[in-house]
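Note that the chains are named A, B, C and D in the order they appear, and that numbering of residues resets to 1 at the start of each chain.
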């Protein structure tokens, strides 16, 4: 075969692919608000392989302002193909008795990140995501210091998703905790026909060469909106905990399959919802 | 399993999925420019299961202005989730000796259509696509009549892709021909790790309840741009043939697998390109 | 002077201008929901030259899906420079004892329309606006017939503005009424320094060569959202009346100044709000 | 008058205005490529009050990645209303014998910045602008050090405008020079009817509390594209000079009128171009 590509579109030199092969390098700024949601609502979003976390209803609302690239770094000088923003809702959970986390919903503002996400088990939709930045000069940017305020918003498909604000207090000793255990996401790719997916597996996210800046923490607010395609009202904050702000970088080589989900059961359940074939 | 969904994100009622289960209904307006490209450049983009068309280098540049929905039509009153625009480059080819066609590159402006495309073997990227419309009143719209001019553009990632123009002459007796034989696209979904895809198969597009308006034809111009991620310069027009404008609707229930591609060969070829693991 | 232009940017041939000189031709499809808001909230948005309408609190929420062009029609084959969507909130009012209307808030999705609007007294912001379309083929489009449902949404700056739905019942005998009397909008352009605007005048919108299709009417719903920069909660529907759907075209040569607003009084009021210099 | 606002839309509390009153604070990162264009093409874009620069054909292509806010800083926690990107082409020139500069063309990605620009004499269109960023962690970001590469692109209306790249070499002793003298831009706002503008004046940009980081300089490349509404081919680089990268902040209170342009002459010239009334 003279065609090449880690993904389509295939081409003689492979460069037309929407996602280049790993490794993928990432550098980004994060704004996180940890909170507690209704434990039953969180549990209802877990596949059978995952159990609720010890800290019931533990959630993190995570905004990220990313730059990423592949091995030869060529995207960095073509920044529209390197930069993107992301918002996701992460819950704590357990896998085989060990602490884990899971990305429940996620929005991103670029196509390459959307498809690269699906490959890794992040069920990404497009959205509009913005978060306050710090700059080295001028009055129009908070610095990393007590009292500095950072805001963030996410909207998708003409619908508001989330709004958050964090006021920095001090450098954190612990950092955020819900996102500490490895993410256990679901890779799902439908079949050419029918409701039984061709790919349906639980994967554990990894990554190497992790680098993190000082983590600032402080008080936080968070609002999830009610007129969304996803049932976010059920995941809304019952109690807002702390907010965090930091920079982070790492490299991803792929992800690890830790279980096969039951594709037949999914097909049956989806069909029974009255929405299917 | 209490989770449902044709795709992720999975949720208790399945409604969070980025793509609802088929059937999918489509209604749209089309602007097509048929042209001839370098036959070798076209042949170099075919997988081994497909052979060049009898009419060598036969290509169609296709702009579509779509509305689509699932079985219960609910997207139609939430139009941001129903409407999208698309531009694709289609070549003529043969499969098992029979006339066929293949989508080489395609751009779309909505996430649900992008992922639904990947499921059906369309390697979609996001782009910005615009095409002239006709309206029932006023001077600012061509009507369907001789001399009416329709234009269209596509850009993606701050790069220009294509610009076309068609001047209507008469109702066509034949209609466009390159896109007449069934499309044979490639479904490709990478594995959790490594370059050997989990899904890699040749599929034949179908569809039922096809409805088409009168097809207008006329003279046409087409420009493909040279500063693109895809090697479009090689596919540029050597000769521009006719342009066509019409409305079309159909319903899709899925697609049919007609061959398994060689995933190991793809992995080997991609690795040899020096871009991989 | 060798520079030309109806607006900037000026250039030797005048073609770089963001808005070409009038006449401007318009063709579009409209979805309108008439409703009643709190009369005091509406009155509070009128300048002193305008009085409340006889029908107190009369409002129209108007979605428009436009194509426009200048005298030589060149934008029509460059459709990204011809097409745009618009949503606006219009109130009934009176000027010198005669029925009038006024655009209170308006959102649009293209720059040329935004600036052309400011020239005519429409205080346009950018937004994302979508409305259901009808197509000539396929299941994914309502036709113009009883029972057909049309939806529309507007969002701006990651905030939801409005959502509407109209179910067609019959061809209307009266058509919509709130937007019938001429619009009386305010042209405002600040000075180089200070709060006293250089341009601040009441203008009456006109237009010629008006063409309108059959107007369909039916039942309607409308929601305005509460987390907006503008105080839309005060303008929310107390009673939703009828919905309308039609096509409309006309040509605009400019607008007519009918009064000078008091620029000094505006500067004083704005300064007193504690937001100014 | 009970309405308030520095601009429309007017409202009882003035908060609906698309641009709040000055002062406006700005913080941003800059990527600049200085180059020489055809001196005649540059001179043809100057109004009669400005003369060509001593260094003939001196130009700067400037990308800026901004955050801005008004006096109470409230936009900073609503970042979609604070952040924007900008690309502009600046030429050197002279006013009354003194060195000056002028913004010839400019693109921006937010509405509030577009309209605030027009108030200050920047003839802004919407565009898509991206420039490489530096982050505090990870491999996917250049640091400020010799060899670091920064890229930037601008597109507008499905058309490519510019692509630049700068490779840092050292901290600059001089910094960029074309943009050093004060900008002399043209404020232009059309009349309600006719081609003679209501506002048409030459203004000198100012600003206070200027703060600038170390300025890095290095080798650069720049491409302007040819299929644009503006005649950028005439302004294309004949010689590319140096590139610069730095952070900058300042505060703007308004701008200073230094001359009235001849509105009647502009109207006459525009009419003579055969495009007008």
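As a working rule, a residue touches a chain if its C-beta (ideal position, glycine included) is under 8 Å from a C-beta of that chain, and two chains touch if they have at least 3 such contacts.
Computed from a predicted structure; not experimentally measured.
Shared contact partners of chain C and chain D, listed by label, are A, B. Contact tally for A-B versus B-C: the pair with more C-beta pairs in contact is A-B. Relative orientation of chain B with respect to chain D corresponds to a rotation of 180°, obtained by superposing CA atoms and rounded to a multiple of 5.
Both chain A and chain C derive from one sequence, and where they touch, over half of the residue numbers involved are common to the two copies. A straight line joining the Cα centres of chain A and chain C is 38 Å long. Averaged C-alpha coordinates give centres for chain A and chain B that are 29 Å from one another. Once the centre of each chain is set as its mean CA position, chain B and chain C turn out to be 35 Å apart. Shared contact sites, meaning residues of chain B that touch two or more other chains, fall at 80, 128, 130, 153, 158. Interface of chain C with chain B (complex): residues 25-29, 66-69, 73, 76-80, 82-83, 128, 130-133, 135-142, 149-153, 165, 209, 211-213, 247-251.
Chain contact summary for the complex, chain D toward chain C: residues 1-16, 18-23, 44-45, 47-48, 70-72, 80-81, 104-106, 110-111, 114-115, 118-120, 123, 125-126, 157-158, 186-195, 198-199, 201, 203, 229-231, 253-257, 261-262, 265-266, 269-270, 272-273, 275-277.
Listed in rising order, the residues of chain B touching chain D in the complex are 128, 130, 153-155, 158-160, 163, 225, 227.
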